Structure formats: C-alpha cells, structure tokens
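Common to both upcoming complexes is subunit A, partnered first by subunit B, then by subunit C.
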Partner chain A sequence: MNKTLFPQHGANMGQPVPRYEGRAKVTGEARYPSDVRLPRTAYAYLHISRIGRGTVQAFDLAAASAVPGVIDILTHETIGDQIKQTPAIYQGGYASDSFRPLGSAEIAYWGQPVAVVIAETYEAAREAAHRIGVTYGPHSPPAADMDSPDAVAQALVPMAIDVGDFDAAYAAAPIKIDARYSTPAQHQNPMELFATQCMWEGGRLVVHEPSQYVNSVKFGLAEQLGIDPERIRVISTYVGGAFGAKGFLTQRTALVAIAARRIGRPVKLVATREQGFTVSGYRAETRQHVQLAAEQDGRLIALKHEGWELTSRADTVAMGAVSMTTRLYACANIVGRVNAVSADRSTPGFMRAPGEMPYGFALETALDELSSKLDMDPVELRRVNDTRTEPVGGLPYTSRSLMRCFDEAAAAFGWQDRTRQPGSMRDGDWLVGWGCASAFYPTQAGNSAARVRLTADGRVHVSSAGHELGQGMYTMMAQVAAEELGVPIERVTVSLGDSDLPPAVVSGGSAATASVAPAIMAACDAIRRRLGVGNSPPAGVRAAMEASGMGVIEEFAETRAHGLPLESVRDMYRGKALPTGGVSLPDRVQFALGAQFVEVRVHALTHEIRVSRAVGAFAAGRIINPRTAHGQLIGGMIWGISSALHEHTEVDGRNASYINANLADYLLPVNADIVDIQAIMVPEEDKLVNRAGVKGVGEIGVVGVAAAVSNAVFHATGRRLRDLPIRIEHVM
Partner chain B sequence: MTTGLSTDRRRFLIGSAVTGTIPFMPRDAASQVPEPSRSPGSYPSVDLTLHVNGQEHRVEVDPRTTLLDALRDHIGLTGVKKGCDHGQCGACTVLVEGRRELSCLTLAVSVQQREVTTIEGLAASDGGLHPMQQAFIDHDAFQCGYCTPGQILSAIGCVREGHASTPADIRESMSGNICRCAAYPNIVVAIMQARERMEG
Partner chain C sequence: MRPFGYSRPSSVSNAILEVREFLAADPQSSLSFLAGGTTLLDLMKLDVVRPERIIDLNALRDELGYTRSDGSALRLGAFARMADVAADAEVIANYPVIAQSLSLAASAQLRNMASLGGNVLQRTRCPYFRDPSWSACNKRVPGSGCAAVQGANRAHAVLGTSDHCIATYPGDFAQALVALDASIVIAGPRGNRTIPFDSLHRRPDGNPHLETSLQPGEIIAEFIVPARSWMRRSLYLKIRDRQSYEFAVAAAAVALDLDGGMVRDARIALGGVAAVPWRAREAEDALRGQPLTEAVARTAARLAFAEARPQSHNAYKIELGQSTLVRALLQASSMELRP
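Up next, the complex of A and B:
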C-alpha cells in the first residue's frame, strides 16, 4: 500500500494545496444543479421511444392525463415548430446532435424523447409517463450496429493521410504485422444524472444544469427558443462528473424551458439512469485495421491505420485519431484512413480520451505484436522509433519526454525482472503477465476571459465561466491568482460555472487549465500594471496596493490561444470557444506523453482476470497542483482498466436498444477491482504550448492502459486479444 | 462488479422496517416542526414524521416516495444524492439507526420512527468535521464530489461494522459505492486514517 498518495511540490509544479471546495463537498453543502430548490417546482418525466426507427402514429394520453397531479403533457403535437433547429457542434452549432426535440413524429433512434409529463410530484409524473400509450407506425428493424445490412459506411476523405509509398514499402519489408481490432460502445455514466431545472422570471430564463459549457447551453437554447441570449442565464457551479457527456446542449433543456413557460412555474427534470444512455452522446464502437512493417532492428518502415466508427444517420461524427497515431513514431511511409458508419442510433459524442483510447489501443497492441515477432523488448521498440518531429508534416514537437516516461515507469514497475516468454511468470495458479504501452494526448487550448479583483485588505476574487467537474477548477483558479498576486490562497475566492461571468472555453479536451490559467494571468498582469509593479515579484503587489490608496482594482482580460484566428475571440462571446492544438497547428505539434505498465493475473482454473498493479508516468508540462493532477491521472488509469476489462454498452440487434442501460449491468470498476495504482509525474517544462506551460492531465491517464492490459494478457497466457473488453470467456 | 442488494436482502430491509420492533428514541421536545408540505398524487398522501439528524420533520408525501426523495425534495437535505434510483451505485447511502442503507430503496413511510443520519448531520454544531470528512479532505478522496456523501456515510458504517481493518477489507466492504472519478485508492487510505481517529 503506497501511502504517499500524491506527490509533493517538485520541479515545475505548484503546491499540492487541498481542494478549494473540499469542505463543501464533504459536508453536503456543495449545491449541484439538481440540488437547487425553486419555489413551486413541478416535476418532469420523459417518455422515450421503444422502437429504433419509424414514426409515432398516435398517442393515447387519457390514462396519463387522468393521473391526479398531472399538469401538462408535451409531445410533438404540442411542441410542433416551437423549438427551432440549432445545428450540432460538428456543423458549427451548439447542440450535441441535430435532432429537433419533439420536432416531428419521426423516430430516429431507440430512447428518443417522444413525450414529457409535467406533474405536481415526481411520483405522479413518473406514473403518468408510464401510462402514456404510443402507437408506432409500421416499421422495419433498425440498423443497430456496423454489421447491419442497412448500415452505410462512408470514407471521410479530408481525414486521409498519405506519406511516402506505403504499399511498396510494406510489400518489401522483412517483418510485418497485419491485424484487426475492435472497441465497443461505451457510456460516460457520470454519477450525477442529467438534470435540468428551468425558471422564468419575467422575460428572463434561469437554467440550472450540470454542464461543461454553460455558454453552449445559453446561446444554443436562445437560438432554439428564438429569444435574445441575454435573457438566458445558465448556472452550473458544481458538476457531478461529466467526462464529455455534459459538453454541449442536449434536447432536454428546451423541453424543460418550454414546459416551465407553459405552466408559469419552475420545472425540474432528472432523467433516469437508463434514459441517460440516450440523453447525450457516447463513445461509439470502432473497428480498426493496423498494418506495420519494420526492419530487423525494429525501426518502422511502413504504418497504416484505418478506423471505422459508428455514427447516427443525422450526424457524421468521427473522432478519427489516426491523425495522432500516425504522428507518434518515426516512419517514412504512412497511410491513415477514417470511415463513418451510419446506423439508426443516437448521435455519438465525446467520452474521456474520445479517439485516443480506441485508436491508441489498436496501435499500441500492434506494436506489442511487432516486438513479439522481433523478439525485442517493447520498451526498446518505442525507443528506436522515438522522434523529435512528427513524420506526417515534419513538424517539431514542442517538447517530448516519451522515453523519459518509459524509463521512470519501467524502473518503478521493476520491468527489468520481466522474462520475455509468454506464460513464463506463473505464480501458483495465477498466470502473471506484464505489459506496457505509450500514452498520448494532444495539448490543446481555447480562448478564455477572466476577471480578477484585488481589494485593499489583500483579498482577491477571480471569476470566469469555467466549470468544476472534479478536476479541480476552483482550486486551480485560486492558486494561479494567489501565485500571480502574491497573496495566501486562503485570501482568494472564486466564481465559476455561470454564464453571467466572463466567458471561458468548453471544459473539455483536457484544455480547461491551459485555457483559463493564461486569462487569469493576463488579468493579474493588468492589476500589476495599474499598480506600477509590472514585472517585480508578486510580493510587491500587496505593498503597492496599500501605498496606492485605492480601495479596489478590478481587471478583465481575454486571451487567444495559439492557432486560433483573430475573429475567434468574438466567437467566445457567443458560446463558441472550442480548443485547438495537438496536430491541428500549422507550425508544430503538441502532445502530453506517458508510459503505462500493468501487471495482469489470469487464474489458470477460473480464468478470472485481475489487474494487480499499474504504474503510469506522464510528462504534461507544468503541473499547477500535483494533488488534483494526481487524482486525474489515477482516475484516468482506472478508466483505462475499465475500458480493458469492464465497460461495454450492449446493443440489441432487434431494436437498437441498449440492453444494459443501468449501473448493475453496465460494468464499472468498484473499489475491490482496484488494487495498486501509481502515477508518476515526470517533470517537464514547455514554454511554447501556452503561457502557463500547461499541457493538461484530464485524459492522458486513460490512454494506452487497454493496450498495456491486452499486452499483459498475451504475456500471461500467450493469447493475443484484439477486441475490448477482455473478459473471462476470451481467455478460456 | 457492482454489489447492489439482492432481492432477498431488499425484501428483508423493507419488511423489517415496516414490521420490525422499533426502538423508541427520545426527541428534543423543543425541536422545530415545520408546516407539512402538501402533495397531490394518485394515491392518498400520507402524513409522516421523519427523524433526521436529531430533528423532527413532518411531511405529507405520496406513499411511493422514497426516503431519498423525501430528504431531498420535501425536507431540503440535498446532500444525499440520486445516482441511479435502483440501489446500484450507493450515492444515496444514509445511516438508519447507525446502519448504512440505500435511501433510494427505502420508502419514506418505512423509517418513521427510526433515526436517519445524512451527511448534513455529521459535522459538530461548532462546524468541526467528523474524522471521516476530514480524512476525505486530507487524502483527496474525491473529485467531483457527487458520490462523496454516500462514500463518507458508507465508510462510517464500514468502520463501525469492523470491516476496516485492512485495505483489502475496506475495498470489499466499500464496493457498493461507485466512484466514477475513481478516487478509490485515496478513499481506502482516508478510511484507514479515520478509523484510527474514530477508534482512538
């Protein structure tokens, strides 16, 4: 048991201060959006479609309307054209999909909202929703997955990558790997359900909703309702986990807003766990094909990575992470291809390390297969293919500490004691296997604004419409302001999660700190300039404030991230601050990198698979707070174990429904599944990525773990498993 | 992976709550009794007196109302959280007569004469935190905080039951409380610390 849980202050790290909102979270005082109590609240309950494709022919609302306490029932017949179309974010809009809520009789996927009951109590709304009768028109079975004959694949040509002559190089190479991989649909399942409360006050609408981007909800909802965005305020001061599920406007919000307007009272919706599987996006299933060719010394000659990702018929969504997997290692002949496969499903979306998890699984497993064929240590295979420039465009990495991560993690893990032969490390009835893989995540940032106020008594208030998802946003914002102005962190207060505050980037893509910290720093600069202490140490700020005779200095600053055009700053003020970076820059590539090592134990008789320990080392630029960053990293690694062994949204081929849409059947790791997790933060300085030097740690911990687990299972059993999740039946 | 209650255990809990012998707990006569809230529904509503964190609360609820919803929507104790409403995640864990129970699987009518403790009832009146609350802060045993009230109450139950002697014991006994942020290693160390202070 490792008792030194989080690292202390180290090179290029801030102090591991406890969370700003820690007391609120352990006392129940933290108010999540569904905790806000509004006067005379009425309760909403969704009725969702029970077919995967077709139309609603008729409703029978008599029994539902007769339930005492029912106030209103919304269907497409009552909503009609009241909710205007807002494009999905993939088309430059605000919404997580392009379906118009209750916009027509058409059913495009199982789980689509077809009616909303509003009642005096939650119990009455629930009962009435279950008493709604729906007659569906004649319908044929939906295309539930990629294997359905009705699913339509299309090549996404703009995502294609071609370097050198892959076919010729592959044909002539001495050592080759050609393998196919798959990853399943997965759902983020944050502990907090998808809740929305709406209250109209005069002509103004207040929305309480857990969100990674309050301004996407504000501006998208304004577009849907046809009202001035300044009449809408979205509040989300605590978010009970998000992981990509709460990134953008979903269909539910406009429905609750309209219900509240119709009945002239606040309305509260808390979608059930089952309904949550289709309220927002999810990680779509993938199929992948990887071909590698190498010299006898392990140097890559040719690399081809092709992916197929499931999407809805309405929206073409693909994470397409071949853009990254083709840029990680030196190689002269490269092909990358991405295909979207449309089926009758809800629109997929972002889930922690959205493309990096599945595509990283395939590439890093293929590399292990190559090392095995070469009889070469997998760490050494990464070393001979290490590079300072990415091979597709020849652009430099701003910094790259991949092999340092491998060396530190290998040493902590004890990798030198590994015997190479599969099955050679048996411990009694347990087959022991050790595996490793690279972790990578693009370093991104978006535009953000912040306001900082310094008062004569040395108190500081910092505000920005960022979001506290559990990653430590409150703490980070307080810490940056305290450091920049030389005040104790106890003197700093923070406001966030409110669309009335200075706008910030969407809290996604591991970009929140990299985006908001520079804005806070810029506002602090302005305060120092006003005080005439420019570049002097922060300690001088307090004295200068006292000497100035001023009561309060308040400064607002906006920052533009590298790679974004000038006009993007104004987009931030209409809910369109999205991050860029990674492989999307004209002059360089930016990645956080890491190394994952796991020990797997497979029981020779029961075939039970356990990850008995995992060591990850990560280099991610400056770490503002090693305590909260450590939480992100170990949490990510456990997500990686979960992607390897547990999570799988099961689709019923008959109606495209999710069979296991609950927390008993959708397997997530519990405490007993997690034994020994160690995350090492490798010091790294990168002054190019952004002013704060931060690369972000929210997602990289997930990446590579599934490959490390499958590689370890191979080492333990000699069975090469290329489909996730890996379960008992696959090693029997 | 999850360790939801089995059907038998569920039936037992509800049965024992309704029909079992119930110890009488003396109440502070001066405690404030708020006006009952009105509640139409398809079943005749019932008048309940709930004893929560040492206070009496009179509520009028639909008989189908869970303890979870009664606490959150009728009494206003929103520290208790709804994560699944099916007894699969543990976010709604409260202590009933000192025992950890899932408030989403407990009907409010079944706990009338029993003392319920929620996260709001743990800190001392001077604001001093319970050793378990402090340990969760000290060891960063949470991230988003949504499962945290349930984790803390379950952890207190775990220590009181004598299931916190080893890390392996804690991991097993805390496996009814899912933490999607996966702060599990920190939760185990926090419980080890708090156990020493609770027993010391």
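Up next, the complex of A and C:
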C-alpha cells in the first residue's frame, strides 16, 4: 500500500522537494479567491433556466425584491447589450462559449443564467433567487442528446485523416474487429466551486477568480465591458482544482463585474455545485466506431476510427482525438473522422485528457478485442505494432518509450501469471480479471515570460502569471530557479496567478511546466550572463554575485515554443498564449506514453465491480519533481477508474437538464474504492521537446485506464463492455 | 432557504408543550423537528421543504441518546448518533445487523452528526423530489404527477410502488429494525404510544406525500429491539455502485435461527429496492423448516420479488435484489457464532 505514497527516484529526475505552499494550504493560510475578504461585499446568486430551449416571456420579481436585504436583480432586461459579444476560444476569442450573458430573452440550454440577485447576505440572495418567478414562452422539447431527432450532425472535414486504401485493405484482411463505443457526459467537479469577486477601485477593476488563465479573463472581460484591458487585474493565487473547467473566461465574470459597478460595492458570487454544471465547459458524450484489421501475427493492416461528439448549437466544439489514435501504431491504411452533433446544451469544453480519455478508451478496447480474437497477449500486440515514426505523416517521434513502460508495468503487476481464458482467475466468490492498455498524451508547450530577481544575500524571487491548480506550480517554479542559480530552494520565493505579472501560457494541455520552466531558465541565463558566469555550474553564481558588488539583478525573459510563429509572442501579451505540439508540428510528433494495468474483481452473485489493483508506468521526459509528478499520475489514474466505473452526468431528455448535478449523485470514487495504486516513472530523456526536456504529466495518468478496466472486466466475466460507465447491471 | 422560527426545548416534556402551543395557534402552519439536520437542512437549502417553525431537539440527546440492553431487549434513544450505536460493543456482538446497517450508511462525518430518529425519517433521494423546478412530484406536491415514471429511474423501487410514486426508501437502519421486529416509542401532544416499527412507514398508494403514520407534532423517542433467537446470526448486505458513502442499489437485512443446517426461523427485510423498508414474509415462510442451501435461498428470493414491478431503467434490481438476498442468507448461515 505505501508504495503508492512514496515516489521512486530515477534518472533524469529532480529532487522530490515538498510543496512550496503545502504549509499554507494545510494551515488554512492559503487564500483561495473566494476566501479573500473585500470591504462591504454584497452577494450574488444565480437563477438558472429550467427549460432546455425557448424564451423568457416575463419575470415576476415582486416576491424576490421584497426579501429583506435584496439590493438589485439583473436580468436580460437590465443587462441586454451592456455585455458585448466576445468570441469563444474555438473562434480565436477568450470565452469558453459564445453565449452572451443575460443578452436576450432567448434560452439556449438548461442551466443558462436568466437572473442574478444581489443582496446583503448570501442567504438573502439565495432566498430571493428561489422566489423569482419566470414565465417561459411556448417551447418545444429540446434536443437533449445525440439521439434526439432535432440534433444535427456535421462532419468536421479538416479533421479527416486518410492514409493508403482503408476499404481495400480492410476487405482483404484475415482478422477484423468492428465495434461501437460510447462515453458519457462528465463534469470536472473541482472541489472549489466557481467563485468570482469583483471590486472597482477608481476606474480599475480587480477580479478574484480561480483560473487556469488569468489573462484570458482579463482580456476577454475588457472586450465584453468595452474597457481598456490595463484597467483590469485578475488575481488567482490558489485554485482549488480546475481540470479544464477554469481554463477560460465564463459568462459569470462580466455579470459580477457589472453588478459591482451598478451598486458601487464589491460583489461576490459562488455558484452552487448544481449551477457549476453549466457555468463552464464539460466533457461531452461521444459515440465512436472503430474498425481494425490485422495479419495473423497481429500486425495492423487497416485502422479506422470515427467519433461523434455532442456540442451546443452556438459553438462547434470537438476534441477529435483521432488525430492521436491514428498515429500511435504502425499501420499502412488509415481513416480518421470526426463529427460534431449540435443539441440544445451548454457548450462543452476541456476536461482532463479531453479527447484522449474517450478516444483512447475506444481504440485500446478495440485492440484488446483484437488480441483476444488473435489469442495473443495484449502486450505483445502493442509490441508488434510499435513504431518510431507516426504512420499518418511519416514524422519521427521525438522519443518513444511505450514498450519500456509496458515491460516495467507488467513486471511490477505480475502480468506473467495471467491466464488468458476469460473467467479463469477466480478468487472465491470473486471473478478476477486483468487488463491493460496504452496511455498517451501529446507533449505541448506555449509561450511564456518570467522575471527572476537575485539579491546579494542569495535570495531569489521568481514571477510569472502561471497558475497553482494543486499540481505543484509554485514548487516547480521555485525548484527550477534554485537549480539554475545554485541557491537552496528555501531562499526562493514565487509569485504567480496574477495578470499584472509577466504573462504565461494557459495552464492546460499538460503544458504549464514545459512552457514556464524554459522562461525561468532563460531569465536565469540572463542573470548568469550579467555576472559573467554564462555556462559555469550554478554554484558559481553566488560567488560571482558577491564579487560583483551589485545589490540586485533582475532579468525578464520570454520564450517562444517550438512550432509557434513570431506573431504568437504578441498574442501572449493579449491573453492568447495557447500551447501547441503533439501532432500539430510540421517536423515531428511529441508524445508522453505509458502503460496501464488493472485488476478488477466482479462478485459472482451480486456483480459489484471493484478495481483492486492498478499499476501504471509512464515516460514523460524529465521529471522536475518526482513527488508532485507522482501525485499527478496517481490522481490521473484515479480519474481513469472514475471514468470507467463511476462518472456519468445524467441528462433528462424532457428538458435537457442534468439530474445528478450534485456530489451525492454524481459518483466519484471514494477512498475505499482506491485500494492499491502504483505509478512508475520510467526514466526518459528528450532534449528536443523543449529546453526543460519536460513532456508534462498532468493528464496522461487518466488515459487508457477506462480501457484497461473494461478489458479486465472482459477477462473476469467474458463480457465485452463498450459503453461507459460500466455498472452492476452490465455484468449481470 | 426561507426564514423560520426557531426554539430549542430542554426536555421531551418541554418540546411537547411547545408543539401543543404551536399547533393550537395555527394548525395549518408547518413545523419541523431538527435532529442532526443532515436531511432537513439539505432539503431546506434546496427549497424543497419550507418549515415555518423549527423545534431543535438536540438538547434531548442527554435524555434520549442512550444505547442500553438487558437480557430481553436492546433500547436505543432516538437521539443517539449513528456512529455511537454502530460502534457499541454489545450491538456489534448481539445485534450485528443493526451495527452493520449503521456503519455501512452514509459517511463518517454524517454518522457523527445524524441521529437514529432522523435516520429512519430521511426522505427519498428521487432527483425529481429534490428539485422543486420539476412541477410533477406527488410526494412534494400532492396530485401533481410523477416525473420519475418517464424519467431517470435506475435508482427507483420495484417493490411497494404505486402509479403515483415509485421512489425508493433510501435508508439502511430501517431494514435492520424491520427484520428484528423492533417497535418504537412515540411521544406526542396526546401522550405516548408504542407501535411496531414496520407500521411507521406507509406505502405510497394514492398519497405518496403521507410517508409515515406519525401525527403532527409526534416525536420518536426510542427504538426497542427484542432479544430473540435469530438476532445474533444476523447481517446487513449492501450492494452499491461504489464501495462506501453511497446508498444501496439493493440490500438485505437477514436474521436466522438455525438448527444444525435447518432454518428454525428467519427474518428478512429488503432495502434499496422498495418504496418502504420491506419485510419479505413469503421468503421467510419459504425458509422455515428447510435446509439453507443455495437452491432454497433462491426459491425464497424469487418469492420475495414475486410482486416486483420494474420501471424503464431499473429492471435489473429484480434479479440483483434476489442475488443480494441469496448471498446474504448464505453468508448468515455460515457465520460463526461464539457461544
């Protein structure tokens, strides 16, 4: 059990230093955005739509206004055109969707804000919001999901992939798999709710909001409010989990900002857990079709992967990870297709391993189906299809340690003791099954800037508008500067999460370390150059500083990520620093890779499905801090178990509502579900990906687990399950 | 949540006095007792219940917070906390089904807060009940219809439902009480009375909003569990979608009196599958005088679900409920009892 607790330390890994902000967090000293106390705060509460599409015909605000303490009620009648349209990030803008908050009487999805109450207390605002009467105009039932007759499917042509002649190769092949898979809608549900506090000081607006990208909030909000971005400061020094949900500007921020301006006081909003289900983007449900053809020896001849993803009417969003699933294994004839299906729902978005989780589930389950048809060990199937170049564009992998991961994880798991026949590994009343799958995540990076200050007494301060989401950003920033300048880490302080700091990339796509570490390194280079110790070991920095007689050296650096054009540096100063890499580069592909092994137990009588053991091995370039990286990987694997067995946002077709939008009914694993988890960090060196040699570990831990679970359930029961989540009734 | 009046009487008799006064002043207005608050406060925040007056009974814990047993019965004060009773050595040894039904319920935090009386009166988890924006819910608004019949009903009941309501009774402890023939002592404005526990909960029939046989202002004071030959060979088996902190999709409370391999007597209650804590008498009858083999258990389980009525998403509960009962019976029959 305690192998889960302490990370091993291998080659190309930094020190497992404890968290920089650990003490502040466990003592409650850390102030999350909703903990910040502003003078004379008023409280906001949302009233959300209870129909899936239609219009608001009339409000009855009498009872709500009469609640003692109510100050103001905002509706489309009060806001209307005051908030300007800003495009969603999918159209090059800042926002997570392109709905205009309280812009009109139109309702486009269940959960849309239709009114905001501002009151002296949270309780009064909530009571008043409950007392708001809304008359909806005549409305027809919404298209709630992909099966609705009104849902509109659209092929996303630019995402199509065609290599060789799939149809001919598939038709002629000796061994084939043809199967359909589905994954449900899921919500990130970070522990910290969606909070926003806004305060106007003079003409300046200060926003306290948990964010993965303070500058998207700053610049997007400026556009919505029609004010100079330099008049807005967004502060987010701690974030209580984000997982993609806090990546971009959401509708709530402008509403709180306007409310604060109207009443001339700070306003605080903390959306409820239920409301949070439609505040931001989420993981949309998918349907997938996979066809595989192989030789008798397991070599793939043809591969087709097609996905359908639900999206809103307003925004065409698709994660389209066939771009990755078609590039993982050697194969000469490939088709990839992606479709977006529009329905009356809020705009989906990013959730940890956004495309990799669902698409990886389908591909890696299909491969298991192939291995059992071939009567071949699933690890060996991956081995015979291993490749050094991706088969779509023929580009080289910068590094690829997939089979090393499989071998290390298999050894740690004891895979050699597996008996191949389904149902053959019973333990008393429990059917035991072992399954495995590949994990993959594209290595990305974006532009970032950093400022580093060295003082004569050997103290260092590092600042950059990166974000502490719980992943270890403070620690990483301190650690990189300490290593580069040869000072003990205790002497380094860090500022982050503030739009007044040097801009950094969005903390998403597992790219934060890969983007910000190089900027810190560049600023440290500049300090060393100023001291004339350009390439000497960092230990010389301290002495040179003393000898120089200088009191302080401060250097600023910005770095441009591989694959980004020169103009992209300007975009970084406009809240548009997005990562690139993975399969988007002209000269190479970059992936972190891994192998997931899972043991499940299914009760022979009562069919509960439990994961009793999981081992993952991951190769992700340089690991700056094995302790925080290990936490990320373990956490990711738990998410994977959760996506396999638990998480499922249930949609009621009658009004396209989410009926389990609370943490009692939206199931996540509890401690008792997570028995024995081991994450192995396989040493890997990749000097190409970025200067820090970092591939990122924030998301890869999730990928492949659901397939490994499904494959293990097949091994335990002989039941092949292609729809998530897998539940009791599916194995009965 | 809406404004409400609040008081905290210091004893049962003072509480009853307050109730009397309140009901005399305005028999139409709504009154709620507060114990641990883990059901009540949630529903108030969701705007599902809107009591005008709350009488906080937590001061009664001194008087009615005990776990006591003599040779003839186990007596549990209605304000004892779930956690305390679940950890009581006497309960664990002699009434295992009670200890297990409590310790397998909710989470440690909730069990530390919640009372036994509040537990048996917890409200259904039906999502349409818990969200007042659904206009159709006969339990919340009598005569309004039932949104669950055409909606998501995977978690709903297959036994004891009616066309007016298919909600599941969500608790666990109540099944243990039903199985062990418990009774409850009720204090009220018209004096005390004792009723069999299994007459507390009412089937939904045409009036799903009438959930119990308690009269306005009545307080559950005590649970009495008689000591009988079957109570030591008893257990609670709870099947759920995750390992802990989750309501049952199917559960069985069983208590057996065995004579060698033969069943002298059996008590069975089912949870997670029924509209009320569900006593399975036909199954008990089928076991009496039989050897407890898997085949006999299966026959009993089939009888227990003979009247089951599936909804669009919960047909699996009929088979799962049977398997749960079979497993519980086999497990109970193989329990090793210390003399």
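One rule holds for everything that comes next: the second predicted complex is superposed on the first by the 728 of 732 C-alpha atoms of A that agree within 3 Å, B and C clash if a C-alpha of one lies under 4 Å from a C-alpha of the other, contacts with A are read in each partner's own complex, and residues count from 1 in each chain.
Convention: a residue touches a chain if its C-beta (ideal position, glycine included) is under 8 Å from a C-beta of that chain, and two chains touch if they have at least 3 such contacts.
Please read all numbers here as calculations on a predicted model, not as lab measurements.
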item	value
Partner chain in contact with A:Glu123 - subunit B first, subunit C second, else both or neither	both
Which of subunit B and subunit C A:Arg273 touches, first, second, both or neither	first
First (subunit B), second (subunit C), both or neither touched by A:Ala664	both
Partner chain in contact with A:Lys25 - subunit B first, subunit C second, else both or neither	first
Subunit B versus subunit C as contact partner of A:Ala672, first or second or both or neither	both
First, second, both or neither for A:Tyr238, with subunit B first and subunit C second	first
First (subunit B), second (subunit C), both or neither touched by A:Pro488	neither
Touching partner for A:Gly264 - first (subunit B), second (subunit C), both, neither	neither
Which superposed partner A:Gly635 touches (first subunit B, second subunit C, both, neither)	first
Touched subunit A residues, subunit B compared with subunit C	B
Contacts on subunit A seen with subunit B and repeated with subunit C across the two complexes	123, 127, 646, 664, 667, 669-673
Residue ranges of subunit A in contact with subunit C within the complex	50, 123, 126-127, 130, 429, 603, 605-608, 610, 645-646, 650, 652, 654, 659-660, 664-665, 667, 669-673, 727-729, 732
Subunit B residues within the subunit A interface of the complex	1-4, 39-42, 62, 64-65, 69, 72-73, 76-86, 88-89, 91, 118-120, 122-123, 129, 133-134, 136-140, 142-149, 152, 167, 170-172, 174-189
Sites on subunit A touched by subunit B in the complex	1-3, 5-6, 18-19, 21-32, 34-35, 37, 41, 67-69, 120-124, 127, 189-193, 238-243, 270, 272-273, 468-472, 627-628, 630-632, 634-635, 638-639, 642, 646, 662-664, 667-677
Residue numbers on subunit C that touch subunit A, as the complex places them	1-3, 45, 47, 107, 125, 127-128, 131, 133, 150-152, 237, 239-246, 249-250, 316, 319-320, 323-324, 326-327
